[in-house]
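The structure under discussion is supplied below as structure tokens; questions concerning it will follow.
Going in written order, the chains are labelled A, B, C and D, and every chain counts its residues from 1.
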Amino acid sequence: MRILLTGGTIDKVYLEADGKLWFKDSIIEEMLKQGRCTAETTVEILMQKDSLDFTDADRQVVSDACRRAQEEQLIITHGTDTMTRTAADLASLELAKTIVLTGSMIPHRVGSSDALFNLGCAVAAVQLLPYGVYIAINGEVFEWDKVEKNRKLGRFERTGA
Amino acid sequence: MRILLTGGTIDKVYLEADGKLWFKDSIIEEMLKQGRCTAETTVEILMQKDSLDFTDADRQVVSDACRRAQEEQLIITHGTDTMTRTAADLASLELAKTIVLTGSMIPHRVGSSDALFNLGCAVAAVQLLPYGVYIAINGEVFEWDKVEKNRKLGRFERTGA
Amino acid sequence: MRILLTGGTIDKVYLEADGKLWFKDSIIEEMLKQGRCTAETTVEILMQKDSLDFTDADRQVVSDACRRAQEEQLIITHGTDTMTRTAADLASLELAKTIVLTGSMIPHRVGSSDALFNLGCAVAAVQLLPYGVYIAINGEVFEWDKVEKNRKLGRFERTGA
Amino acid sequence: MRILLTGGTIDKVYLEADGKLWFKDSIIEEMLKQGRCTAETTVEILMQKDSLDFTDADRQVVSDACRRAQEEQLIITHGTDTMTRTAADLASLELAKTIVLTGSMIPHRVGSSDALFNLGCAVAAVQLLPYGVYIAINGEVFEWDKVEKNRKLGRFERTGA
């Protein structure tokens, strides 16, 4: 599988000089190692952005990377705030690939983070699902067009009939 | 889904009075909370044992619990050393259920544990797989009869053709 | 001893709604509990600020709290950037008290933090030092007028003869 | 200062092959690095034992190391169960040195450990105390003959009048 990184809370680390959480070296590979993942993975950094700062050009970069990838199993790590929008863009491509977006509400580097759990969900899901675009988070696997983020509760929820 | 706990490294905590890692209150629910799991889960403690100490009677308890459970999606947390043996027992029941066994090489309470990643894998896998018995660990989902633990390398590996 | 809190990196927690590290409930008491501190401590929150945002009025609040405190042993948790300036203000009061300032380079909540080590240094130092104003950090105890922060290296250093 | 390691809970790591906490590479230097300790320290491993397994010969090794050390500031990391007994042996040497024993109730590698706090206490204390033998733990600095471990409560307490 290929893991395309776009940034998001999951990948933020503490930058001492600035006194804040932001992007530096990605820690997704460190997380895979902690999870002792033996599934074959290729990690590719597309960008390192807060998803609130995503532009149409950024989404185009993600779309191009998905189209270009030779693997049929793709995980995209992504900020949660605009994850569903990127998912919709990818769905419109109708690729013969299984694409799973994931991220986290708390950075992996911060105590009690949900990041490792979510990455585990995504890694399993991408190997088991048919072609399509999905969001794996909160211990659930959502189809791209049946989920939205509930910002108030800080979680994703299945959207109605 | 129902999560049946049998003990194993994943659930060991540090007992100060004894100066060692052993079982006390299960921390699986704490892990689900950390993972912000919104999938409906019922946690049931069957036993709290190191899987090296499992007896046939223990495996019978697990089998009975799987047969009895009303849910079709079952996760079993289990020590890694005899996980495949319990899986084989469960497979022989030929239940119309999806049963996923998981565990970890390092207790959740100890630094750099693989526990949360594995639980994430299992939670996603049990919702996506057809009826059968599986082991979710190392970022992979194995059919029960196509996997064995490599003790030397401390990981599970797919068994040959 | 009395522990006067002013904020600083040591006490920042992750605020999900904002996606950043900032102040909410102080975690100093949680740290003392983790350290199993049995020394009698009274914790008082004076303010929760990044020390770069400290005003003269803020420093006056700290000075007043030190003067008013009935304990002779005072610890002040403080951001590192202006810690020496507040220390100088306190030294000018010439109180018959032992005042130890401490803080950290990484928030306690973030992995590999120096916070607990520094708080341990401060708790020991305040009980052993004569009246005066000190900074306890980096495993050293500095007199207030013989130390400066080296921002480039992210540590405190003894100033020359 | 010189830090003499004898083992104890503070230094135990998780050994996967055995499925338990025991000694391998010492992590005291890793802890000093995490605490960003700039005080000059020389770390010397004397032994790696649970202090319940200490023999008179072991205590002799510690005594010899303290006598031999060229530094006047010595920290000894030690299991808590027989820490006071080793301290008494060292006191009988009447060395012109400041000797501070410390340890922890929970291994540094296990969540919510008191280890880093205690090491911080010891590092500050050894630089500030006059010659003598002390135990730094629980946020307190005890003279060697005025403290005992309360096993039931898992902490050290000052002994009577």
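Just so it is clear, contacts are C-beta pairs under 8 Å (C-beta built on N, C-alpha and C of every residue); 3 or more make two chains touch, one makes a residue touch a chain.
Nothing here was measured: the structure is a model prediction, and the numbers come from that model.
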item	value
Co-neighbours of subunit B and subunit A - touch as defined	none
Greatest separation from subunit B - chain, by CA centre	C
Rounded Å distance between subunit A and subunit D, as computed from the means of their C-alpha atoms	45
Geometric centre distance via CA averages, subunit D-subunit C, whole Å	26
CA centroid of subunit B to CA centroid of subunit D, Å	38
Junction residues of subunit D, two or more chains touched	105, 154
Chains grouped in pairs wherever the two touch, ordered by label	A-B, A-C, B-D, C-D
Residues of subunit A that touch subunit B when the two form their complex	31-32, 34-39, 41, 105, 112-114, 116-125, 127-129, 136, 138-141, 154-157
Residue ranges of subunit D touching subunit B (in the complex, touch as defined)	9, 14, 16-17, 19-21, 50, 105-107, 109-111, 151, 154
